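The data blocks that follow each hold one structure.
Next come two complexes, and both contain chain A; in the first it sits with chain B, in the second with chain C.
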Partner chain A sequence: MDVANGVTIAVILFGVGIFALIIRRDLVIKLLALGLIDSSSVLFLVSLNAQDNGIAPIVHGPGANYVDPLPQALVISAIVINFALLALALVFVMLLVERYHTTDSLRIAQQVEREKRS
Partner chain B sequence: MIIALLPLGHFLIGVLSLLWQRGARRILPFALLIDVALIGSLWSRVAGGTSVSLVLGGWGRDLGIELVADKISLGFSFLALLLTLAVTVYLWRERQRPYFYVLLHFLLASVFALVFARDLFNIYVIIEILTLVSFLLVGYERKARQIWASLNYLILAALGMAMYLFGVGIIYYHTGTLNLTLLGERIAGMQDQLWLITASTLLVVGVSIKAGVFVFSLWLPAAHASASPAVSALLSGLVIKMGVVVLFRLSTVLDISLPLIVLGGITGVVGAVYTMFTYELKRMLAFSTLSQVGYLLVGIGIGTPLAIAGSLTYGVAHGLSKGLLFLAAGQVVNTTGSAFISEQVARQEKIPRATRIALFVGTLSIIGLPPLVGFCAKGLLSAATDSLPLHLLLVFVSLGTVVAFSKLTPLLNPRYGCSDERAKAISYGILALPIFAFLPASFLFVSWIQVLSWLGPLQAGESVAIIGAGFLVYLVLRGHPVRLPQRIFRLEEAILLILAVFFATFFLLAGSV
Partner chain C sequence: MKSTAIGILAILLVSAFCVLLLLTVDYHGARGGTDNPYLAAGASETGAVNLVSGIYLNYRLYDSLFELLIFSMAVLGVRFYLNAEKSTKPNVARVAESPVVRIAADLLFGPIMLIGVYLIVFGHLSPGGGFSGGAVGGTGLLLCAAALGAEVVARRFHEQIIEQIEWGILLLIILFAVAPIFFDRLPLTDLLPSGRVGKLLSGGTIPIYNGLIGIKVFIGTWVVIYSFIRHRGEI
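Presenting the complex of A and B:
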């Protein structure tokens, strides 16, 4: 894949993720946007450190144009952690939905505020 | 060897206490005892000012993960031990699910790992674990308010860590290393490169969201005010400090002192104003954490050895006093059944005596009364600040703290009071003793000769004058409640503010080189 393309796509995805995180009120969609942001950072890390026409770092013999294997090893940890965060966040959203019967963040915030005052 | 054993051991014990659920509460003090022995043996090796280093896995420094123990990491490990012990004792009589103790072990493990970490990606992984653990701790009691606060916290923290990862990618692309020491050698003389400025901004903003810096950590008041008292004490005393430690590690390598001073100043001032005009006990304590983090950042930003020593000492001192205050505040809210200070004053005969004393000691330490540890740290910081505007800033923050905490004086009336549960009283004692025994605590990071040469009657006088003036301002302001905007603490506004200040920080850094 073209390196510059990967980096550009990553930055665009990050922007789209933030935009969705701000303007969408649905909590599930907010978490999807968060997943998009996480994936964009992974894509950025991998594609910035790859070179054009590089091949995957699996040994084919000496002299092949391998890409640097370290960032690829790093993003595996990042992907696993992001998966864990997202899974737990969804459980908490589930608890909130059981309580308030809505995934609308604005209405949940108002309900929480009202309960606090009473 | 010991350095790796501390975090790994706690992860292991955490899993074990999941298997042996009935003993989970009893294992914890023994594990802490072993920690004290391990940290003591490390301390004897670093006491001369050297550091102990370990590269995991037999790789070189540029590939392997390096763990380094120095006085700073051991000082914060010690704080972690004290706070965990106090929290365990505080909850001794109240049955917790075993799952709570597992989380405590994981929290300790990640704190130990973080104070020793010297590798950008290692720091990323540990901060994420810390986020996960504190996310679960905030929502531990399953109240809707707590779950909502911790969800907001999670979304903002994850956003920050994604930014941090972008920064890590840029740094690895240009330098080929993630080790902070090697990074410092390789970027020498490149301070004006655009990529370095971008990467520094991304790293600083990413960590700041965790560190309780104003406009980045707008999740903090809700999370710390709604969590259960033991959890608030840990979060405010310990987890926030971990973000500050990481910012300090970054500042030793990257040239970020100007944004740290500016962000620290804003955090201090805005935090102090919000602390003054918040009338809900735990929320006020949370805002006070914000304003004190401003203190720490200014100290790190100034960057002279004395300022750094003062600032980190204050990190430990504030951890102790804020832990004590949150534990006592939890008991106040429990016994009076109200979150607001005015109603608590009305029902104050129900507050036990030990809780009152704990509240008093914590207050005295945080406003910096001379013999206590809070004064030692604040005095060092104020002695290290040469420029007048910065000095005035620190004075304003201290003044705001005094004004805010003067609101608690009606609660401290010694005439009322019933006796307290013994477990609670002991847990207050665990945190209050080091506050009184200021000598060992304030000499953690500098030799005592230096401390005595810097702390004179001048600092003591300044501190007492600030306390007196603050109390007078409180008397003037008492009848005039002010309602400050609370809208910025909503999730969407918080994200917008983070973005805006991200660009502001970038231009600040770009303009300074």
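Presenting the complex of A and C:
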């Protein structure tokens, strides 16, 4: 088994995305990391069922080496839901930035604390 | 110092997690060839040559309906939260009109719409489908908005009516999914015969779902784009 295949790359990208999601305090970078995680899961699903001489599952007669269509059908859901999620999350980030004038999550938390006390 | 320690800890945890994921991957889960039930009987059962559409609009239509509901909720959320903040004034100057963009939009808008409609109509025969076709159409409108200004496009589009059309289409899709019950058939997909495989009028209900989803995604994409543009002031 070749180690440098799509699955390995997808898992590494997933790790980078999770790491950025934990460490970086910038909300926009957090959203980018979320997008990276989603793309990595798409790559994972598609490359998991990739075959050497496989062709796309659009059937034009028996016998050809079609790949499994199920992961590709799941990917459609993943893409649409990620689009919806990112659009909505971007709106919330925009509202937070307009109110607190920063994208730093720690500073936003501090300002919210201050507002609560006063 | 503290943040460095947290960083190293995070790197260790994430790498351990990734290694765990790599070790648990089962490379033999996905199957091609004739022993795969979808490949063996998918085309004849659903009537769709494109098996991916056959799966997500026939075998797994229930998933797709809820996926569409999530999309609608997100569009509603974007509209609601961006319109709630009416107080912010548009403070971005309009980008100077460029003849390049204008002519490019004139030339490209027709072909883009044509490709979108093609992807929707032939979704069960070739790569494409409602989601991708609708997104292509929405991108064409974005190009138009960049060339003419978003307000011009929105005026031609009658924003209030379009919202009602969007929710009406969602209702229509749900009605269409439960309609077979009234004809003593199984719900969701058992309304139309699957027809001759490979022809344009085949696939049973798949082309109709493709068309409805395509219009819905087209309108939804435009509503998201227009909400962002209006909130910012101009493109």
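Operating definition for what follows: the second predicted complex is superposed on the first by the 113 of 118 C-alpha atoms of A that agree within 3 Å, B and C clash if a C-alpha of one lies under 4 Å from a C-alpha of the other, contacts with A are read in each partner's own complex, and residues count from 1 in each chain.
In this section, a residue touches a chain if its C-beta (ideal position, glycine included) is under 8 Å from a C-beta of that chain, and two chains touch if they have at least 3 such contacts.
Bear in mind that the values here come from a model prediction, so they are computed numbers and not experimental data.
Novice: Touching A:Ser105, do we find chain B (first), chain C (second), both, or neither?
Specialist: After superposing on A, A:Ser105 lies in contact with chain B but is clear of chain C.
Novice: Considering only the touch criterion stated at the top, classify A:Ile76 as touching first (chain B), second (chain C), both, or neither.
Specialist: Touch partner of A:Ile76: chain C, not chain B.
Novice: Kindly classify A:Gly6 by the partners it touches after superposition: chain B alone (first), chain C alone (second), both, or neither?
Specialist: Touch partners of A:Gly6: none, neither chain B nor chain C.
Novice: In the overlaid three-chain picture, which partner chain does A:Lys30 touch, first (chain B) or second (chain C), both, or neither?
Specialist: Touch status of A:Lys30: first partner only.
Novice: Go through chain A and flag every residue that touches chain B in one model and chain C in the other.
Specialist: 14, 18, 22-23, 48-49, 70-71, 77, 81, 84-85, 88, 92, 95
Novice: Spell out the residues on chain A that touch chain B in their complex, using ranges where they run on.
Specialist: Of all residues in chain A, those touching chain B are 14, 18, 21-23, 27, 30-31, 34, 37-38, 40-42, 44-45, 48-49, 70-71, 74, 77-78, 81-82, 84-85, 88-89, 92-93, 95-96, 99-100, 105, 108-109, 111-112, 115-116.
Novice: Please name which positions on chain C make contact with chain A in the complex.
Specialist: 6-7, 10-11, 14-15, 17-18, 21-22, 25, 27, 29-34, 36, 38-39, 42-43, 49-52, 54-56, 60, 63-64, 67, 70-71, 73-75, 77-78, 81-82, 85, 88, 125-127, 129, 131, 217, 224, 231
Novice: So in the complex, which bits of chain B are touching chain A?
Specialist: Against chain A, the touching part of chain B is residues 63, 121, 124-125, 128-129, 131-132, 135-136, 139, 142, 144-145, 147-148, 150-151, 154-155, 158-159, 162-163, 165-166, 168-170, 172-173, 490-492, 495-496, 499.
Novice: For a test of understanding, state which residues of chain A touch chain C in their complex under the given definition.
Specialist: Touch list, chain A to chain C: 1, 7-8, 11-12, 14-15, 18-19, 22-23, 48-49, 51, 54, 56-60, 62, 65-73, 76-77, 79-81, 83-85, 87-88, 91-92, 94-95, 98.
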